[in-house]
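Shown below is the structure under consideration.
Chain IDs A, B, C and D follow the sequence of writing; residue 1 opens each chain.
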Amino acid sequence: MTTGYIAQQIVNGLILGSMYALVAIGFSMIYGIVRLINFAHGDIVMIGAFVTLGLLQSLGAPLPVVAVGVLLSGAGMGIAVERAAFRPMRGAPQVTGFIASLAVSIMLQNLGILTLTAQPRNFAFPDYLQAVIHVGAVGFRVIDVVIMLSAVLLMGLLLLLVHRTRLGMAMRATAENLDVARLMGIPINRTIRSAFAVGSGLAAIAGLMWGGKFGQIDPLLGYVPGLKSFVAAVIGGVGSIPGAILGGYVLGLAEVLFVGLLPPIYSAFRDAFVFAALILILLALPNGILGKAAEDRA
Amino acid sequence: MLKVADVHVYRGRTHVLKGVSLEVGRGDIVALIGANGAGKTTLLRTLSGLLRPRRGAIRFQPRADGPEVDLTRLAAEDIVGLGISHCPEGRGVFARLSVRENLLIGAYRRRDRGGIEEDYQRVRAIFPILEERAGQAAGSLSGGEQEMLAIGRALMSRPALLILDEPSLGLGPMVVARLFGVLAEINRQGVTLLLVEQNAVAALNLARRGYVLETGRMVLSGPSRQLLEDPNVQRAYLGGTA
Amino acid sequence: MKRTQLGVLALAVFFLGTGTLWAADATIKLGALYNLTGGMSSIDAPALNGAKLQAKLINEKGGVLGKKLEVIGIDTKTDQKAAATGAQKALSEGVIAGLGYGDTTYVMAAAPLFQKKGLPFVTSGATHPELPKWVGDYMFMVPFGDDDQSFAIADFTVKKLNARNVAVWTDNSMDFTKALSKFYMARIKELGGTVVLEDFFKMGDKDFSAQIARLKAASPKADAVFVSAIPNEAGLSVKQIREAGLTLPIVSGDGFDTELVTTVPGPKLANAVYFSTHTYREDNRPEVVAFVKAYEKEYKKPPENAFAALGFDAVGLIADGLERAGKVDGKALRDALAATKGYKAVTGEITYSRPSMVPAKGVSIISVMNGKYKVEEVWMPKP
Amino acid sequence: MNLRRPRWIWLALALGGVAAVGLAQAAWDDYLLSIVNFVGIYAILAVSLNLTNGFAGLFSLGHPGFMAIGGYVTAILTLPASRKAMFLALPGWLAGIELPFLPALLAGGAAATLTAFLLGLSVLRLSGHYLAVATMGFLIIVQVLIENWESVTRGPLGLNGLAALTDLWWVYGWLLAAIYLSWKVKFSSFGRSMLAMREDSLAAQCLGVNLFRTRVAALAIGAFFAGVAGGLWAHLVTAITPGTFSLIMAFNIVVMVVVGGTGSITGAVVAAVLFSAATEIFRPLEESFEAYGIAEILMALVLLVILIYRPSGLFGSREPAFLTAGPTHKPGNHPATAKGGQ
């Protein structure tokens, strides 16, 4: 249990945490603005991964160009899903939206299996990203650095968008009170659509990272990030974006450190441990770490 | 400026407004008084486009020379663009946004950056307290201050008609007096006011004309002076001894 | 629409369906139960392709006993309830035998129903050696047992790779992988080796950094690591072990028989990987070559994995049994199947000579060097 | 509960059901029977979850966890001692026990209820999405424990070769019990306090409703029937593995409660029939086009359409008029008919 070993685990936890955080942000944005638990959010990650693979193989374009393409496709997917499934039932009780998101998730997964077959595919990123760097005892690859840096960059940009721009102000107003926002002349449909677009765009980028880091994708890969982003968002305080970021990193680190620091036999209990810890956090902080006692608009 | 003709509104199966008609002249101050549940807020939500009337028309003419528009066709967010601004019931300030952001949101539809800044200064002149608390979250303000913020925010869209939904709610008499003084000043600067109030005395003293709404029907209307002396109004709303 | 489907429709809407009549048909029907959606679809979908391909080829050569073979594909959605209902559906359609599944848990939901009805159930991919004991004498296995394949790779580890100290990673959430590790470790100890480290992970895990760190720190140093995993985790584990700079041989069972083992790590990293599997990959027996060509012609792509060949063999075995039985009858087919000797299957000869009714089939040990597969040896179990 | 509503409606329905079951059990082939049995079990699950999610407004995703506990307890109790010894290392007192089906089912239900009680004590201070995550955590913890408690549950392989004890009589009987109990609860003061709690917990508290006790009771009653349903399930499939009781199953049951109408018992039953039989309806479509997965897509589409045009479910929170024909309970003024959902 050398310090190098622990440092390595922490780095692995941060990498995983960055991806969970990116997906959790989109989840919390969508929840914040329309009080919707969107379980189809994870499948946007899957779509992002496959679009990345498609762009890499067909165009062979450099990564930044592919990243923009993935961001746009994720945003487009988010807008389409919002328009088709969630807008028609906007006034309905929250659990109805949650069920609708399950329906959308089932559709996306099965459409994926029908069109792309269920066979997992390898995900070839250019070699320069696979090169391994050693800093003392800690080793990580270029792709890991890219993941962490771009995650932090995207989070910063997002916080700027939400807190410094006109659109961000409109989003926060709509999130707090839909009717009064309309009375202020805020076009709430356009505002909600842009929240879905930004959230889904980030999830698609997380799909690119997920494929890049693990090197293998399949139509069902969206299930795990979808579930983990829901858990991370709740840990951080659902609806709060800084909460989602914090929740993502806490969950990423907890998963890796639990398996890393305890004797091997316990690694099979990882998910049980993570959820047990989560329940304890919720009992201590019923609204999550950074959550506010947001009143629940029906 | 605003003509409401025979409007019927239903909430679910209940028939809340049963053929309500109302007129607000340009530059006028009109008061609408009625007990709780008379349908005041439903009428305002219909005017602002949040509710759709099943029958009847609402015609609005922002400028004397300008065209007349039927509001029932428009969405709430577009009605604001025409020059109607709404101070919702319970103030509806955005608690987690700063005072400054709340005011800026009032001008969301406007693109004239210069004009917005100018109005921003003007509102802070009218309500100096807002200047002091500009960076603070709106939620931390007192009731009176939140009401001022709500009015200030409504002014930011440079409205032709300002609709206020029970501004005096939960405020002490001193604060109400000062608030109504400011409203009079705003009216003198050319803004038409439609004031919905339970506090009938204050409302009718400020307004030139008034309407009385009871269980979804307009039962009385006329100049304020006449309504103040009307026995049923006194008995019902002014606590006078019949 | 058959009477049963009409019954189902009426049932769902009016809750009072009509009974069903079993109509005798000119075709011999086989119920093919596979998980074509959900988690196991990457393993089961190719198996159904193989099964349908074999039926098509047999029908082109005049069918069996003068009748056409019909393989009815039933998707049981990686869900035991659907497996139980699917089995009942197959039985209600008057199938003479059932085939299916690459995983023991689903066989256990379906096969007992065939056993009770007195109809054989042939699993194309489930490899637990005690399946026939659990289900009964109507249960038949096309593939070898996990014990044979574990012994094969264990012998190879000790004798060919002369690895004395072995680390073992086990996917704790799957019965197949746990059984594989159990047999492997027993054999290693039998051959005088020692298991220096036993580590665990779960199906669906993507990050093996903790396990890798422990492997690096293991003392005495491990000469080889046995990764008991299914295809989803095969490529990932090899990639991450090699990326961490570990060059020790990686060994496994037929869970590693997938393209992912070479494509995910990439040619540079995919080396010194050895796995036991059904004698089919890189094997130039005529049956194998013919099968691959037919598969490519039919599905416009090479067989995804060994399960395609196993599905193909399952239908072949049943057809061979029917020919020898001479009549379309459950009991007769069962007896013929039990008496199978030297049936030339794509995945090796099938003979049911052992009391456990697990076919004594050859196990090929495949090596992966710079992304290329090569058959190192074909291990034969004691008959 | 006021029984002035014509009681013969109830008797007619129950007897009609008995006749139908008798006819079905005799005439139908095993395939139709297995579908109906699963539909019945899902109906029990939907009705019992409706009690927890529907009446009390607790957003619980832990239902399959109670099913697993009930299922394993029942399976272990009914397994003959010889088979138990074959692959389980049970403690002495348990190794020898072999119970007939009914006591085993009741024991399963009781074990689930006890677990629900303990879970309730710890997490029922939470509400809304936070409760959903906590109950999801409970489900995953149960699954992991079963997967790793080799000596009692035989791990991921689970228990198999169970006696096929479940038939339509058992399923119908327990479904009737579940419906009867939830009906009694819904139209009782206890039920009304639950519905009040769902609509506005603050107001309910002011009226003296002990929120905590009511919620724990709602969870426990729902869990009992989930445990029994687990036992029925295990002896229908004759095999039980941890993988069966997954989060996806939790979603399926919640879908049935929401589509049927949160708080409506009839809705839960109708939705259970619709969704659990749907896979069989679409099966010929899938097989003819060899497009496996179409069934899920079509069901998801049907679900979306229902949610868009009936956001508070097919029956809202109400029961259809002919079942509550009694003068005192006209659907119009029933407290449960406030706007549906939490």
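What we mean here is this: a contact is a pair of C-beta atoms (placed from the backbone, for glycine too) under 8 Å apart; a residue touches a chain by one contact, two chains touch by 3 or more.
Every value quoted in this text rests on a predicted model; they were computed, and no experiment measured them.
Among all chains, which one's averaged Cα position is nearest the averaged Cα position of every protein chain shown?
A
Using C-alpha centres only, name the chain that sits farthest from chain B.
For chain B, the chain whose C-alpha mean is farthest off is C.
Write down the chain pair with more C-beta contact pairs when A-C is set against C-D.
C-D
Averaged over CA atoms, how far is the centre of chain C from the centre of chain D? Could you give it in whole Å?
A distance of 35 Å separates the two centres.
For chain B and chain C, what's the span in angstrom between their mean Cα positions?
It comes to 74 Å between the two C-alpha centres.
Suppose each chain is reduced to the average of its Cα coordinates; what separation in Å results between chain B and chain D?
It comes to 52 Å between the two C-alpha centres.
At which residue positions does chain A touch at least two other chains?
Those would be 110, 113, 268, 271.
Taking each residue of chain B in turn, which ones touch at least two of the other chains?
none
Touching at least two other chains at once: which residues of chain D meet that condition?
Those would be 147-148, 292-293, 296.
For this entry, which pairs of chains touch?
Final set of chain pairs in contact is A-B, A-C, A-D, C-D.
Under the stated contact criterion, what part of chain A meets chain D in this complex?
Touching chain D: residues 31, 37, 85, 88-89, 91-96, 98-100, 102-104, 106-107, 109-111, 113-114, 227, 230-231, 234, 238, 268-269, 271-272, 275-276, 278-279, 282-283, 286-288, 296, 298 of chain A.
Of all residues in chain B, which touch chain A in the complex?
For this pair, the touching residues of chain B are 48-50, 75-78, 80-81, 86, 88, 92, 94-97, 101, 104-106, 108-109, 153, 157.
What residues of chain A sit close enough to touch chain C in their complex?
2, 5, 8-9, 12, 16, 110, 113, 117-124, 130, 132, 139, 141, 213-216, 218, 220, 224, 255-256, 259-260, 264-265, 267-268, 270-271
What residues of chain D sit close enough to touch chain C in their complex?
20, 23-24, 27-36, 38, 147-148, 155-158, 160-161, 233, 236-239, 241, 243-244, 273-274, 277-281, 283-284, 286-287, 290, 292-293, 295-296
Along chain D, where are the residues that touch chain A in the complex?
53, 59, 122-123, 125-126, 128-130, 132-134, 136-138, 140-141, 144-145, 147-148, 247, 251, 254-255, 258-259, 262, 291-294, 296-297, 299-301, 303-304, 307-308, 311-312, 339-342
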